[in-house]
Amino acid sequence: MSLINASSPHTLAKNDTGHMMQHVVLATLPGLLTLTLFFGWGSLINCMIAAIVALACECVVLFLRKRPVAFYLNDYSAVVTAILLGLSLPPLSPWWISCIGTAFAILVGKHLYGGLGNNIFNPAMLAYAFLLISFPVQMTSWLPAAGLTQIGFIETFQLIFNNHFDPASIARIDALSGATPLDSVRSELGLSKTLPLIYSTSPFDGIFAGKGWEWVNIGFLLGGLYLIFKGIIHWQIPLALLLTLATWAFLFMGYDSDRYASPIFHLLSGGTMLGAFFIATDPVTAATSAVGRWIYGAFIGLTIYIIRTFGGYPDAVAFAVLLMNLAVPTIDYYTQPRTYGHKEAKFGRGKRER
Amino acid sequence: MTHILLAILVIMSLALLFGSLLDYVALRLKINDKGLVNKINALLPQTQCGQCGFAGCQPYADAIAHNEAAINRCPPGGKTTIYELADLLGTEPLPLNPEHGVEKDLPYVAYIREEECIGCTKCIQACPVDAILGAAKLMHTVIADECTGCDLCVEPCPVDCIDMIPVKPKNIDWIWDKPQGGGHVAFNRIPVSSIQ
Amino acid sequence: MTKHRVWHLRGGIYPPENKAQSLQQPIRSMPLPAQLIVPLQQYIGSPAIPCVSIGQYVFKGQLIANSPQAISAPVHAPSSGIITQIGQHPVIHPSPLEQPCITIDLDGKDTWIAHQGSPDYAGQSQDDLLLRIRAAGIIGLGGAGFPTAAKLHTSGQKIKTLIINGAECEPYITTDDILMRERAADIVTGIQVIAHILQPEEIFIGIEDNKTAAITQMEQATLDTGIEVVVIPTQYPSGGERQLIKILTGKEVPADNLIAQSGVIVQNIGTAYSIFEAIVHGKPLISRVTTLSGQALGTPGNVEALIGTPIKHLLHHAGLDTQQVFRIIVGGPMMGFSLISTELPLSKTTNCLIAATRDEMPPPPPEQDCIRCGLCADVCPVTLLPQQLYFFSKSQELDKAEQHNIFDCIECGACAYVCPSHIPLVQYYRHTKGSIEIQNNKENKSGHARRRFENRNARLQQEENDKIAKRQARINTVTVIAPVTNQTLSAENNAMEIARLKTAAATSAKLAVDAKKALIQAERKQAQNLDSLREQVETLQKNAEQARQQLLKAQETETPSEAAAASHSANTATLAAPQTSADKIAAALARNEARKIQQERARAVTSNSTESTLAHPDLTAPNTAEKASSTTEKTQNTRHPSHKDS
């Protein structure tokens, strides 16, 4: 018979990267459901396209890098990236937007840096920023919250795959598009209207904030709480992010409530909850120490608020996350915890002086 | 069309400007590291064997610092030293130059066969670290703890009584292997016939 | 009774305990094996030196190896029999290297050597007790195996707290639990012996709350003794020394210090029991309670096994199913290492053997990439950053790993336990710690060699300088060689004249000797100009003899004019070299020739070049060896005349 020679520990917990990623995908379902209910089938189709392209790209790259393909595909990280990107895209974006974006995310955002665990930037957000800058028109034509039946499934499919070249499709999409609540606030404030006036018009006839978008955010909030409960993400980052965002919104609202939107509005519009629970908590690109997580989350919240209020883009989650991803090495450098038996924490590099 | 040309022109001139600025700064503010020779010397194994072609480790360090010698000429230092030097100098590591010798996998120390020693002190004079104990017409012996294995003493011995013997690894020298990494399992399957 | 406050230990994990299977029966003893292989290095420190010989009969408990060093413990024969081997044997160690062992073939009679304990430990001095503990060969039975007498010898450091470690936090292991259940009173006596040696202010026994029966027994045994049983929450790794101190006292021992320097000493339950046996019954440490556990055993449980028993014997008598067994671990599943052979002997620190089936401990899954989830940092009891340490280990950045306190890692395995990517983190850290130590050793060695080299250069330089200075001093006392007249000579300085004469005599002697040498070499080589060389030698020898005579005359007469006359002839005079030294030179040259002839046959030697150099005392030979030999001979020869003169 044979004995095996392994190193300790000889029993392992049941944690597994693949399972963790699967849970993340599972947790996006409430949000995806609400997106579909309010905005039609587009998001679902985009997610599927993205998932297929992601897995295909991953296969190709792993083959080129001479790694065991099935083993690496099993960690589901490509699927998570694809789903997150698909959720961020406008529902009626052309199929090639999803393809290019996902390919960019997997090839450049992840494997160019060395594969899973080695990338600095969140691949989904990197792709989103790339798409936003390269194809601003397609990336800013959102739908109003007109419900599931505003466009049928087949028609949605056709619109997405007709590539926006067909004049009839273009006209149809133009007819359908509307602004998101964040878009409205930005443009109307630019026209010097006050917030109470803006709130009374569509698309603000929701209960708390923008119609449809509030439920999407609540859906993602529920998914995020499930992940925290399961211990898959740390609660410090979402809490820091949301708290900071709300606090700054509150402060500015107190200063001038006609020109600065309320905390509830900021928390429940755009990609806030998606960003807080799914994007900022991406373990590979977030800070690692406990104090570091607080700092990281807080600064993302602050940056989101600044860009939304004073910056050039209506929704700031992607850029805020990317900016703070840059800062993560520095945050880790300065927030090493104090080791048992040492008086204070050490900083940094540890290069021995010769 | 003119927009494109203008854009290209602007970018090119910016590139030229910044490139020349960088070159100028690199020349003007060149780091004159006086301590570099000592830093290099500290990385060399100090066997003073001369296999690199220089008369000791300090002259070799000097030559490296002045870009007169490649970093891959030291067999006692081996791959580790080459990598450390490459790290320090910011250059590419090179494989060990076989002209200067091969890396030995075990450390060696000299051993004098005392029955044959004639007490001529030639080996004592040759040893760069005074690891040989003895005097004229008296027995010579190698202090094994001080011997660096440079084998400079073997040649001068007139009666050829010095051997280089490998040092066997002791229990306290053993360390765990590094795990192989991604996709590999960290265990071996060993057939055992001793269990009945 | 007021409950002692318990502090919270950060991090930690809660693996399934698997302790029930080995607690079904009381401690049982094993039948005697045929052979015992007693390792001589069972602990930190140097191996013990055997004091018996092959073929000798030893009794149970007889001393078989001792060591004079402070950090060591003697070894005793665990049963009676004949010594059959003293040599290298594979032992329980993660490496395949062998260690010195003494093999005893047992006679089955298990006869004790005469021994006597003394229940009155309180009447003995601390030093006596420590000597007896040392003589009994007691080492820390909790796992690391530090010699107990050395640990308890605190040399003036005041000990405030004595902690007895009954936590036993690792899964599967139940030795301390069952010892506390069955032999509580004896353990408490052992603790009291330790307390008598250390005189602490407070004594705690830390026991995890999953050992209810043991807690009850120990609480009963410690009534009215001043020893407090403190129940701590079950958590891995609460049984680590520093961790237990934090839990029971709230203090953190500074990382660079010994634990004793903080006024705390921690001892294992098993060690306390061994101390009891040694002091009260006079028995040395020759057996220990070991847990045999795992699904592949038919009758798991705790056994009192003799040190040196082959593991095969123990597992066989515990009903090992050789078809089902997949992994054999010595120690616990978190920190123990796997074995690939069962021919190894039980050592004093073997507290557990697990024979696991495939279902019980499936093979480790392949390693995936780190996703930086941070679960490892959440569970680390030392508040390290295992993730960073992993990246540094992988990329061989040893400096950074050391700066991130990798040496504070206790290798508990909690980080690797929770890692979702199944990375063998502890193996990375062990490898890196070893690499850092190797690198430090290399640096120390090369720094040391460099210093010796520099010292040697300085010494040689100093010798050179001294020689030059002396030569300079001598030259300054000799005037320029010019036509000698009475006016040019200084009438006052008689001593300088003598000195000059001496120099002249010496140099002319040297010239003659060198010429003689050259002649002999030329004779061997059968060079052409032997006759002219012989004439030269004769002239030089005559001159040398003349110079010598002049010197002697000058020394006797000591008049300026005569001294001047003497020095005049001395300037061009030479001295005949003593014949005896020339013979010695010839003998040495003969020895050298034997080796040189072979070399010279291979090399092309131009006779012209050798001729031209032969006349010149500074022989510029083609290779350094010849130059070295001639230098040696020159120095030897210059010594001889001075010896003769003085």
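In order of appearance the chains are A, B and C, and numbering begins at 1 in each one.
We take it that a residue touches a chain if its C-beta (ideal position, glycine included) is under 8 Å from a C-beta of that chain, and two chains touch if they have at least 3 such contacts.
Predicted model, so just to flag it, every value in this text is computed and none were measured.
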Where centres are the averaged C-alpha coordinates, which chain has the largest centre distance to subunit C?
A
For the interfaces A-C and B-C, which has the higher count of C-beta pairs in contact?
A-C
Centre-to-centre distance between subunit B and subunit A (centres being mean Cα positions), rounded to whole Å:
50
Once you find the CA centre of subunit A and the CA centre of subunit C, what distance in Å lies between them?
57
Can you compute the centre-to-centre distance for subunit B and subunit C, using the mean CA position of each chain? Integer Å is fine.
25
Can you tell me which residues of subunit B touch two or more of the remaining chains?
42, 176, 179, 182-183, 186-187, 190, 192, 195
Residue numbers in subunit A touching 2 or more other chains?
1, 3-7, 71-72
Please set out, as single numbers or ranges, the residues of subunit C touching at least two other chains.
322, 325, 338, 340, 363-366, 368-369, 424, 427, 430
Looking at the complex, which residues from subunit A come into contact with subunit C?
1, 3-13, 15-17, 19-20, 71-72, 75, 77, 115-118, 234, 283-286, 288-290, 332, 336-343, 346, 348-352
Looking at the complex, which residues from subunit A come into contact with subunit B?
1-7, 67-68, 71-72, 354
Mind pulling up the subunit B residues that touch subunit C in the complex?
41-42, 44-48, 56-57, 80, 118, 120-122, 125, 128-131, 136, 146, 148, 155-156, 158-160, 169-171, 173-187, 190, 192, 194-196
Touching residues on subunit C, where the partner in the complex is subunit A
13, 15-16, 171, 242, 246, 252-256, 322-323, 325-329, 331, 333-340, 354, 356, 361, 363-366, 368-375, 377, 381-385, 387-388, 399-405, 408, 411, 413, 416-422, 424, 426-427, 430
Quick check on the complex: what are the subunit B residues that touch subunit A?
39, 42-43, 176, 179, 182-183, 186-192, 195
